[in-house]
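To start, the structure itself, in structure tokens.
Going in written order, the chains are labelled A, B, C and D, and every chain counts its residues from 1.
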């Protein structure tokens, strides 16, 4: 059985530990958190796990084969690098790091050592995103024209990252997974309406090499929770509404095209059926944990590997730079295309 | 009774003519349209109106006191200027003109001649916008933080204007009416996904002097029709959903603020009641027509006067310039504040 | 061209007259209404039609080939019988009559004279009901288990009929069209919450020979308007929500069945896809008028013929009797099966 | 600390045990379940609790002060009576018993011994029902005209009870809590569409002494989950939609009344504002457990005491009898009014 060390048992760490236990294929060997209260909660739920307040000690422990990192973002790089250097496989909570250079170094280190480096972009493992991904892969949507997401709610305000690093990161991960083209530039604007707090509202536009556009509306200060994404393709269009209890993904056989040789009615419309496929109800976090274990055992490249995490961090960094210039577009020339 | 001349009896002209008749205070004296078929339709519905294919002839007619212009946008300026010079009051379909300089000239001409110049920004006369306007005026929302609008649907693609001039114009008119601060810059991006057609999707960010931000998402190529606006204020927040048959305007007593002196929980939330006021069911177009007649008779300044129309055109032009630069922000330094 | 006489130009008559004109295949020859104001409105919209305050005079007029009756329910029988005896084809606003015996007499009279007798059950001509009817006809739903409808709103209170005769009539017509089995009994309860007014709320259960059940919830005193029908079949289930602007009809590949030979988990569930077919956008009233004209010309039996109207009136009468006995079921033994 | 014995650790027992632990004011002393697997699950979550396969043994244990019964319905009476006779306070999962006589005996036994007898009607402890209860208590709704509930979904089919005893029980408990008048008769119809299974669809009408009517639509074989209740009052109306993530309770200032002395327009309408109060987010089950402990300690009468449970069982039994007679109404003459 693979021995897992959990680094950070605050908000997300308990979920990771529980998912590990649910796989039945790995064991929560150790839990490390500087907070005694956190360690106390871990003891109740994982009585056989060893506890420590020293994260680096856990990372060195020979019984720990792989480390899952769920600490504040600014600590991801140091802990992940230490774990890789100690020969451990590493899963990092999103975003992978707080800067692209650090992300690149982690990717290189993992590659050199032949270790699995994975980022917990949980949404990629949901039935909804998997279904949309299949649609795109089969060509059912045709060329992707746009990805347009609204991801707003009231709170929770973060103190160490702004709303882009907290919410847009989900869309960047989904976009990296779904859109076959390469993002070439980002224009973003942001504002903070609570004093001495990070930006809590932002709008981001991503330009793709193929002409597609993505747009994200993220906000911690909205009256209600909205999680709605429209995806327009040349053949079909999708509405993905994560707040629906059923029918989260609707696929519309609708579109418009120019009639050749016409003058009066330039554009013709297609208004066909809609269907909402039954989605897998498997828990996304469990699927993510299973993917991590599978890749450790087989050496396969994870669906959300380090390079995926790196590309997402590069987009986050570019978006941040654009916000400082009121939407002036920032190029993403070096960004590699998702395979 | 005020004699009205209708210039253009295509898509919108019949609605204007019908609204004039419904006021009971004015008469459709003439209808001018170059299309014989259009004149035929006008004859059936307004049998006592005179018909002509020559728009300038109608504009000169002594029985016509005021002209309503519902022709293609690029003809607005010429027809409106001719009408003002002939001493007629003028109402122009939105947008007022296709360029800010022309709008300014119309405003000046009307002012010099003491004539009423008004633009048909119909949304301003809806019960929904009037209710929100009252809320803002009473200070119930507090400071306005943001205005965030999604205005998307499938079609109708226009051939002479793009989606910004067709759909964003509604939001610019509402924003000019609601937001007391001055817009200082616009960043916009747009794309066309139908060959040889104007841009059919755009995202626009408007920066206000007070720090408020507005964001518009307009799209002719969406699978479903969405008309939803979120307005965030320091005291309350609003959702205005025009697709609802009831409860179009919801007001939330919700927000967030920084707790002074705290470290652990930086931000506190307010999660109070929501209420949806009963809205006036009076038809907006009728109210607009009555406002035009009232101002002709009293010399009052219309709610949507020429200056309002001019400011909206300036925003449209700035947005268009920004789209040509992939979201590079365009300043609106000269724009006057709505009174 | 078939000459049509409109009997009653109050609420519904103008719609019938307009639909006749829209067919292009018939002419509004006369309009009869005792109210001078109503005749004035008719004159404006149908300037070539002759007007009279004497309904029986119009019915006798040789230029009138067919009569459309949109007068209060209690007058339907007398006017329709007079028209049939004068050799005219007859369309009657729903419900056909206020009593089953009268309905039967009209059916017999029309049959003996070879005239078309039709009832304006408009819903049967909507794209939504036609689509569901096709599904049932193709066997896609399997055996129909239940039809469960909620049809509530605030007002309009009628003074001459109660909510069953005003709203449940729509469902009875749809059920007669969709459900191949024979209704055998009805249990209904009703209440009035406004003094000196007819019952404004009722719940009705209809038992079918095949074991299917229908249930209707009709109410004039509900806070919002709901028009939602669930139809359960052995193979698929339908939600028909008439308040939706799109996706009025959703078809679910869902169900439950008993696993043979199991003890622990008795019932297995099927949770498949949903789809929402694109519906015909043709106006239902126009389709109804065309059906009337087609049957007059060809002698065909209308989709909503007199027998259909008669069966609906028999159900209405049985439901009324049951409400007087607090839901005691009333047999419908004589009711013929819809062909 | 009060020692609690959990009888039955299948579907609901674990929730009760967890709620007991969450109160911090009682201890899960013992868990009894005949299934070894169930006891294994209990051991993991409540390591300090003693386990037994003999329910009567646990009931006799001196360390057990109170018993929570979450076994199949037909065993409730025997176990609860044994516990009362052993001097234990008792909480029973809904419904209290499978027959009114047994419920009455439990109530008498508890009263004679001065023990707390309570039924777990969890909905009564939700923020939504508490808010509506406050509205009714303050008279804000006026006289209650109707209670109209739709409670449908796909599965879970029960094998020992039908849909009335599984789902309508929730509404009966809420109605007993909310409606001050006395129910006098019930008319109900039911059907089973899965062979050899209990009835999975039912419609119930409850007649109240004051003239109010309640209607319930319960169904295990619906394509989607609906939990919607309309409550009509003389002053205001309520929509309670439990599937909404926010705004579960909406209160409408709407209604209709007869205009005295009018002829033309008989009924006038009131179309005022709607508001949705912020609801308590406290977990209902925790509140229920705290109420049980409070009443054990103070001798107070629980909000959902045995008499409340008894009245609900009497309604369930009357509804069942009516279904056997196709909706023939069954009198509830002996039913006591909720205090």
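The rule is simple: a contact is a pair of C-beta atoms (placed from the backbone, for glycine too) under 8 Å apart; a residue touches a chain by one contact, two chains touch by 3 or more.
Chain by chain, the UniProt names read as follows: A, B, C, D = Dehydrogenase.
Everything numeric in this text was worked out from a predicted model, so none of it was measured.
K.L.:
Write down the chain pair with more C-beta contact pairs when A-C is set against C-D.
P.N.:
Looking at A-C and C-D side by side, C-D shows more C-beta contacts.
K.L.:
In whole angstrom, what separates the CA-based centres of chain C and chain D?
P.N.:
That gives a centre separation of 39 Å.
K.L.:
Nearest whole angstrom, what separates the Cα centre of chain A from the Cα centre of chain C?
P.N.:
So the centroids are 53 Å from each other.
K.L.:
Quick check on chain D: which residues sit in contact with 2+ other chains?
P.N.:
Chain D, residues with two or more chain partners: 224, 246, 271, 274.
K.L.:
Should the pattern of chain-chain touching be classed as line, ring, star, complete or other?
P.N.:
Per interface graph, the chains form a complete graph.
K.L.:
Please output the residues of chain B touching chain D within their complex, sorted ascending.
P.N.:
246-247, 253, 271-278
K.L.:
Can you list the chain C residues touching chain D in their complex?
P.N.:
Listed in rising order, the residues of chain C that touch chain D are 145-146, 148, 150, 152, 154-155, 157, 159, 185, 187, 189, 191, 193-197, 200-201, 203, 205, 207, 211, 213, 215, 217, 219-224, 230, 232, 234, 237-239, 250, 252, 254-258, 266-267, 269, 271, 274, 326-329.
K.L.:
Quick one: which bits of chain D touch chain A in the complex? Just the residue numbers, please.
P.N.:
Residue list for chain D touching chain A: 224-225, 243, 245-246.
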